[in-house]
Each structure stands twice: as structure tokens, then as C-alpha cells.
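Chains here go by letter, A, B and C, matching the order in which they are written, and residues are numbered from 1 within each.
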Amino acid sequence: MRTGVLKSWGYGATGGALAILFLFPLLWSGWASLRTGTGFGLENYDRLFTSDNGIRPHHVINSITVSALTVGGTLLVSTLGGYAFGRFRFPGKETLFLVTLAILMVPYATILIALYVLLGWLGLQDSLIGLSLVLIMFQLPFSLFMMRNSFEAIPLELEESAQVDGCTTVTTLTRILLPAVRPGLITVGLFAFLTSWNEFFAPLILLNSTDKFTTTLAVVNMRTASHGSIDYAALEAGVVVMAVPCLILFAFMQRSYVRGFISGALKG
Amino acid sequence: MISRRAQLAIAASAVLAAGLLGACSESGGSSTTPPAAAVDDGAQLTLWTRAATEAVSKAYAEAYNATHKNKVAVTAYPNEEYPAKLASAAGAKALPDLFGSDVVFAPQYASQGLWADITERFAASGLKDKVSPGHVRAGTWEGKTYAVPHTVDMSVMLYNKDLYTRAGLDPDKPPTTLQEFADHARKIDKLGGDVNGTYFGGNCGGCVEFTFWPSVWASGGDVLDADGKNAKIDSKEMADVFALYRKLYEEQVAAPASKDEAGPTWLGALQGGKIGIAPGPSVWLGLIEEKGVKMGVAPITGLNGGESTFIGGDSIGIGATSTKAAQAWDFLQWTLSDEAQVEVIAKNKGVPVRTDLASNKYSSADPRIVTINSLVAKGKTPYAKNFNASFNDPQSPWLQTVRGALFGDAAKSLADGNGAITKSLQQG
Amino acid sequence: MTTILTPPTHTPARPVRAGRRGLTRARRRSLLGALYAAPTAAMVGAFFVVPLLLVVWMSLHKWPLLAPATYNAPDNYTNISENQLIGSAIAFTLKYTLVMTVLLFGLAFGLALLVQRRRTGVGFFRTAFFLPMAVGFASASLLFLGLLSDEIGPVNEVLRTLGLVDGYVSWTSGSSTTALSSAVLLVLWRFAGFNMLILLTGLQAIPLEIYEAARIDGASRWQIFRRVTLPLMRPTIALVLTLMTTGSLLAFDQFWILTRGGPDNSTTSLVMVIYREAFIRLDLGSAAAISVALLAVLVVVNIIQLGVLRRRSS
């Protein structure tokens, strides 16, 4: 009826206005990146890829490597850990969980030099593996929380019936539980990818050789063109290039990660 | 059963203890035997530099690699984060074989022992008195030399010849006193439209020190004592220079954007061709002309005459944790040679760090280059261990003083600022 | 991972002394749990606890970069009060946390309420609000730097054409208010969608029957919101508030890139001071001390918040 139509107009208008506001910066970024001195074109992207300190194929490969390692490692550790926290009782459980959450309370600047030293002791300095291990660690609070809640949300009957059928914990986990926590896994994987793909400060400090640099480092190097003057256009081109893979992933996974949030954050 | 937490704590302490023991035994590794002379045996050397200096460092490296067995690989880092990069690498005892830094940061790095001691090598090279003395001083700590000059970047007055002509000024007669500079700026500002007389970095401590201090020096004043432990920025000369620029800003002769200029858009403003005359880095001459603006160059002058410049640029030394000091020295020594200074630096319109090569076969091609090169003899490089924290850092007491002197209560800012800066200079 | 244990159905009914074949079911379960948690413990122990202990150790020393360290406790801690930037940094960080939490929470909750029901376009809206998370935070800061700039940003042009602004304005360093607003706007844009999703899950967990029942009882929309929605959302709200306050207290990137702590140190946050101590002043001991103090404060704050949550939800 009347109020119904008005309400849905109100919803549509508010939602639409907000959506435009939220999408605007990204859209503008794309537009600004195409703008050259004389109109529009791909000149800025060209500069981004061909200038002396621009993006090279090895940058992209390094970024992909770090992201793959981080996503894989995070999924592995947080799934096993989430299973442990969600389904078992063991000594030190509360403490370990709290210490993991404490990772959120320590800023980069504090811990980075100590991490650099630590990686040196392990022989992992200036390596993509060392960097990935650090990034996995920073992902643990969120991903462990998500996976724990995902496992907790699974009805006990499911697991018990599997055990009655004679499954060990391992087969229970892989055959029965993993499919049930798939949304959580996707969410954790997505966030791990986003962080590792876009990470700037950790690779800057922990990597030394130019052939190990990631794409983000190359883009930020574009920030200061000649003598400290900002090259805004190339910068926006860099932002767009970095965002495109993430946007594509988002588009494909929209439903999954929303469900992942639902299953993962339910228990607050 | 020991709780997991206790287990972790024990493991951690063990690791820590091992690490500390390792750290203690690693430090203080300078040899007691005399250092080998330069060695060229095909070593791979790593060189770190900041983004602003990347082009020059790479040019040095390429030319060296082409004629030597050693190979130098250059890595550049974003300017703002470069100090963090160096500090982290040092903290992990993993410095590269060679690294450069802004010359005003050199005393700090030298005092921290980040570079290897090259006193004897430098003395033996015979180049000690032939290179920029300001740079050499900057790389010296308690009598020992740790770094040599790498690049020279000086502050000069850059003026737009077209705007000069349009305003009725003679484009070949730049101002000879700071007062004259202010008058020229006023005249050009009268052209109206979006033309402004002058421009400065009002939100950038490094920019202001680079461009204002030469006027203080040329007027016979100073900003720091010789040891860099006491500030003198409340001197009459500094106050007068601030007052002059402040007046230009209040009269809107200086572009309004000057107040918020933190550095990144400084060059862009000059490249726009709408600024009459402004002090800036000498290396920007070519960059501004690339945009089609005809530029002239003049020394920065004192209030009533005299000339000076801020001799900036980079210093470079051998990383203290490097195991290839002899090979690294081979590269460093070569960069100071005639061949490197003339064919790599002068050929690309840079300023040679060798004072005896100021006039060379490339410099005479452009009389402005001759002017710039001659300033090395008239300028200063300020020396202070805590220079970065006191003057360059955005949170430094110097920037606070600058903002107060130009846009707030000038007298109070200078008085308070001097105390705050002195305290910062003397800290730890 | 292979298991050495027999399936549960063969477990002895009463507890037996620990031994290779005689673990109780509970003990076996507990061992399994510990094994599954082992990778987590290893990662957290090696890459977090050890460096953190090193930081605590460093805070008790004068720690030069290369030379050996000298014990100087408690100097690093007592000198914190002499640091000229600390006072204003603490005040600013607290003010920023308050402003940011209120605004971000309000916006995220509003968005969540807007998109909670299945309607046309809801998927599109949710994606639009969440999309900013695709951009890394450093990238997002650089994006806003360009967006708000005079050189290529549209903001000033639009405001000038509308006549609201005259001449040159700098949003990121014009005044302390505009600088703070730029940073707040950036964070709102980037994180509203993320927090919206978390709040959304809390909203959607409330069974529709409860709403039905309340409506049948004649409660107004506002009453339903206050008496039904909010209380049932308490744990979710607590989580979101905890994340927001912790994130704001640790804010760094947005100020480092957008405003550089200016103008006149008006947007210098606490972590910026830590960064400066470590990497500009090269005083690692002092930086470590401030970090430990900050961590202690955060732990206390979060314990209080979690304590309030537990009491309320039980």
C-alpha cells in the first residue's frame, strides 16, 4: 500500500545514495588513472609498468607467491586450531586463545624489528617464506576466531554420528566437518588474501632484494616520482591495478563470505 | 605437567639468551690489522639508497660495473620509510655492503656505528681535501671518518625568466639581496591572475631549513653551534629572514598553498610556471625546464647582500656488518675519482663532489651550472647528531617553530623553539 | 597426521593410569585437541610471544642499533613523561578513538539495519558497502590523498563550483579539524562495510518469532529495537566495539600517509610517537617501553570490555 511503496522508495533512495557514495572513491580512482595531460588514455598505466621503478612481472609473481603461501598457511593453521578450540578441551586452551587475540593489540612498529631479528635467527631473512610466516601470524586472531565459531556452530550430532561410524578425528574432520565450515574457510581465505596482497610495511622491512619485492612496494615507490614530488596519476593507476584482483574475487564470492560471516560471527 | 604457557616461556628465554649471547659476541668486529687496500675481485655488492637519489646511485653503479670485476646492485626505498628500513636492518645486524643517506643524517648514523670506519683508507686515498668538506665533516664522528660524499644538492634561487620580463624586470639581473628578492616577488605578483611572486614549503621543516638558512649564513648569522648541540635559531638574522617571508605571505605575494606545502607538491608548483622567484634545490633546474618554463639561477642572498647555500645531498659509506669492506671501498674510491665525477656526474648536469672539478669540460656549456658549482665553496652543511629528530621530522620542534614564526606568534615561537630544539639536540 | 589411538567405542569405562594403551577418553581427547592446536601454538609462540618478550627485554635497556645494550630500567619508562609529544598524542588518540568509534558504529549499524531484510538490490548494496575492503589500507590512504588533493582531486573543484569554498583549501593539512576529518572519512569509507557485516550476522541471528511476538504484544518499532534487538545483539556489539576501539587506539597508517601528524602535531597518534622513537631517534629501548605501556593499557581495556560482556550476557 501507500506506506509500503514510500518505505521501499525510501529504502531504495537511501541505499542507492549510500552505495554511490561508497563506490565513488574507487570509480574516481579509475577515472583519474586514465586521465592524462591531454585527455584520456593509458599513459599512466604505461608509466606504471615501464618506468624505472615500476611494476615488473617478478613483482606480480612475488605477490602471488606470498599470497598463496599466506592463504594456504592461514587456512591450515586456523582450521586445525579452530577445530581444536571449537571441539576439544585441553590445558592452556583459554590462555592460547587470549594470547592469539593479543596479536591484535600490538602495532607493527613495536614488533617489526624483533621479527626481523627472529627471522634472521631462523635463516629466513629476506625471504618470501619468512614474510609469509609473519603475515600468517597477523591473520591468526581473525581467522582462528572465525573458524572456532564455525566449528562450534556445527551440531554435535553430526560429529558423533561420524564417530559412531568408526571415523577417526582426522577423517571426521576432512570428510564431514570441512564441508560444513566451507563458508568460514572462504571468508578466512579471502581475508588472508586481501591482507597479504595489499601489505606494505611488512614487505618493506622484511625484504631486501629488489627481485623479491612485491607489487605493493613497487606501487608505493611510484609515489615519489622525481625528487619527492608526488605522481598522483600513476599512484591512482597503481591503486587500481592492486585492487582489480581483489574486486574480481569479491564479485565471485559475495554470497560465500556473507554466509561465512554468519556462521563465523554468530557466537560473538 | 608443566603448563603450555610455562613451556613457551622457557623456550622463549632460551632463544633470547642464545640471541643475546650471539649479539654480544658479534659486535665490535673491526679488525686490528690494517685494512686492505681496495680490492676488485668480482664480489657482488649490495647498495641501498633513497628513492630521491636512485638515478644517481644507479648511474654510478652502471658505470662502475662496466669497467670492474666487482658488481654493485642498487636497491632504492621510498624516501619517507628509508630511515625505518635502515634502522630495522641495523637492529638485525644485516646492513648492506654500501648504503647512502641524506647528508644531514650522516652524523647520527656515524655516531651509531652503522658505517664501517674508513679513516685510514680515506686518508690514504689522498682525496680528503679535494671533496666537499661539509659532507666529509658530516660523516665524521669523534675524529673518525665513516662516510664520503655521494651527491651534492644545493639550494639556489630559481626564477622564471618569462615572468621577469612580463613584470618589467631584467631577466639577467637576479636579486643581489634578500630585500631585492622580496621586491622582485612583489612586482611579479602584481601581474595578477594565478601568478604568485614566490613559494615556500610552510609545512616542511626540511624545505625551510634548506631555503632560509643560507640567507641567515650570508647575513653573518648562524643557526647551530659547531658541535650541533645548541640551537641559535632565535638569532636576529633568523628572525629577520622569517619576518621577510612572513610579510610576503601575509601580502599574498607568496602563494597561499605555501602554508600547507609539506614537500610532495613543491616541485609541481614551480613546474606550473606561475611562480616568479623562489628558493629551491639546484637539481630542479632541469626538471622545471622540461615543462617548458625558462628558468634562471641565482645564489641565495643575505638580507643585505652576501651569498650562501645549503650544501645538501647524500653521503655514502660501507655497512658496518658487511664482510666485503675492501671491495666496497674499491667502489667508493672509484666514485670519487676524476672519471666518475666528470663522466657520470658532471655529464648529467650534476654537481661534482670534487671541489677541484667544479669547472670541467661539461660545466662550461651552461653558465648557470658554473654559478651553481661555484657555490660549493660558499655554502655550509649543518652538523648535528640529532638532526633528523630536531629539524627534519614532521614532529620536530623546528617545524613547530617554523609554523609559529611564519603564521603564529613569531617572537614566542622563536624563543620557545630555540629551547625545545636545543633540548632535542642534546638528548641521549 | 596418523592417530595412535583406538576408536572411542573401545574405551574402558573407568579411568586408568596414564600409559600407552590406557589413556582415558577425556585425556585422549585432550591430547588430540592439543595436537590440533599445536600449529597455532607454534606460530603464536615463535612469531609473537618471542618477539614480544624481546620487546619487553629491550624496554629495560638502552638498546643501540649495533653496539651492545646496557641495562637502564626503569629509565625508559620514567622518561616517557618527559617526551614532549606524548601528552598531546595520548589526548589526540583518545579523542580520535571516541569520535571514530561513535561515527563508525553508528554508520555500520545503520547500514546493517538497512540491508538486513532480503529485498531487491540488497546484494548489490551489501557489496557496494563492503567493496572498499578490497583496497589495502595503505593504498586506500594514498587514494584519499589524491581524492582530497588540490592537484587532481574533485572535492575542491566541486566545492568551488558550489561556492562553498573560496580559493585554495587543503583538507589534509589545512587545520586540525579538516585533517582529523580527512582521516575519519577515510576510515569510515574503508571499514563501515566490514563492521556492517559483523553486525548483520548478529541481527540475522535473532529469530523472527521474537519480533512477531513483540509485534503481537503491541510494541512500537522503537520499543522493539530497544527491548529486543539491542539486548540480543549485545555480544556482537561488544565484539565490534572492541575491534573498533583497539584499532583506533593503534591508528597509524592513516595519519602517516594522509596528514603526517599535522598540521602542527594536531593529528599525531600514539603509535606515530612509537615509530618516531624507534626509527627517527633510533632509541629502541624507549620505543619498546612506550609499546609495553600501550599494550598493558589495551589488555586492561579489553579485559574490562570482555568482563562486562560476560556478565551481561549471562
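Just so it is clear, a contact is a pair of C-beta atoms (placed from the backbone, for glycine too) under 8 Å apart; a residue touches a chain by one contact, two chains touch by 3 or more.
Since the model is a prediction, treat every value here as computed from it, not as a measurement.
Colleague: Determine the set of chains touching subunit A that also touch subunit C.
Modeller: In this structure, the chains that contact subunit C and also subunit A are B.
Colleague: Centre to centre, using CA atoms, which chain is the farthest one from subunit C?
Modeller: Using the mean of the C-alpha atoms as each chain's centre, the farthest one from subunit C is B.
Colleague: Please state which pair of chains has more C-beta contact pairs than any other pair.
Modeller: Comparing chain pairs, contacts are most numerous for A-C.
Colleague: From the mean C-alpha coordinate of subunit A to that of subunit C, what's the distance rounded to whole Å?
Modeller: Centre-to-centre distance between subunit A and subunit C: 15 Å.
Colleague: Can you check how far apart subunit B and subunit C are, centre to centre, with Cα atoms defining each centre and the answer in Å?
Modeller: For subunit B versus subunit C, the centre distance works out to 38 Å.
Colleague: Considering subunit A alone, which of its residues make contact with at least two other chains?
Modeller: In subunit A, residues 91-92, 96, 113, 117, 201, 220, 223, 230 touch at least two other chains, as defined above.
Colleague: Scan subunit C for residues touching two or more other chains and write them down.
Modeller: 34, 41, 49-50, 54, 149, 151, 275, 278-279, 284
Colleague: At least two other chains touched by the same residue of subunit B: list those residues.
Modeller: 4, 15, 19, 84, 87-88, 91, 93, 265, 268
Colleague: Help me check something: in the complex, which residues belonging to subunit A touch subunit C?
Modeller: 8, 11-12, 14-16, 18-19, 22-23, 25-26, 28-29, 32, 35, 76-78, 80-81, 83-85, 87-93, 96, 99-111, 113-115, 117-118, 133-134, 136-137, 140, 144, 163-164, 166, 168-170, 194-195, 197-201, 216, 219-220, 223, 230, 232-233, 235-236, 238-239, 242-243, 246-247, 249-251, 254-255, 258, 261-262, 264-268
Colleague: In the complex, go through subunit B and note every residue touching subunit C.
Modeller: Those residues of subunit B that touch subunit C are 4, 8-9, 11-13, 15-16, 19, 23-24, 27-28, 83-84, 87-88, 90-91, 93, 108, 112-114, 203, 255-257, 259-260, 262, 265, 268, 320-321, 386, 388-389, 393-395, 397, 400, 403, 420, 427-428.
Colleague: What residues of subunit C sit close enough to touch subunit A in their complex?
Modeller: Counting only subunit C, the residues touching subunit A are 1-3, 5, 7-9, 26, 29-37, 39-41, 43-44, 46-52, 54-55, 58, 111, 114-115, 119, 121, 123-139, 142-147, 149, 151-152, 154, 189, 192-193, 197-198, 200-202, 204-205, 234-236, 238-239, 243, 246, 250, 252, 271, 274-275, 278-279, 284, 287-288, 291, 294-295, 298-299, 302, 309.
Colleague: Give every residue of subunit A touching subunit B within the complex, in rising order.
Modeller: Subunit A reaches subunit B through residues 52-53, 91-92, 95-96, 112-113, 116-117, 119-121, 125-126, 201, 204-205, 208-210, 220-221, 223-224, 226-230.
Colleague: Which of the residues in subunit B come into contact with subunit A in the complex?
Modeller: Within the complex, subunit B contacts subunit A at residues 1, 3-5, 15, 18-19, 22, 46, 51-52, 54-55, 58, 73, 75-81, 84-85, 87-89, 91-94, 96, 263-268, 281, 283-284, 287.
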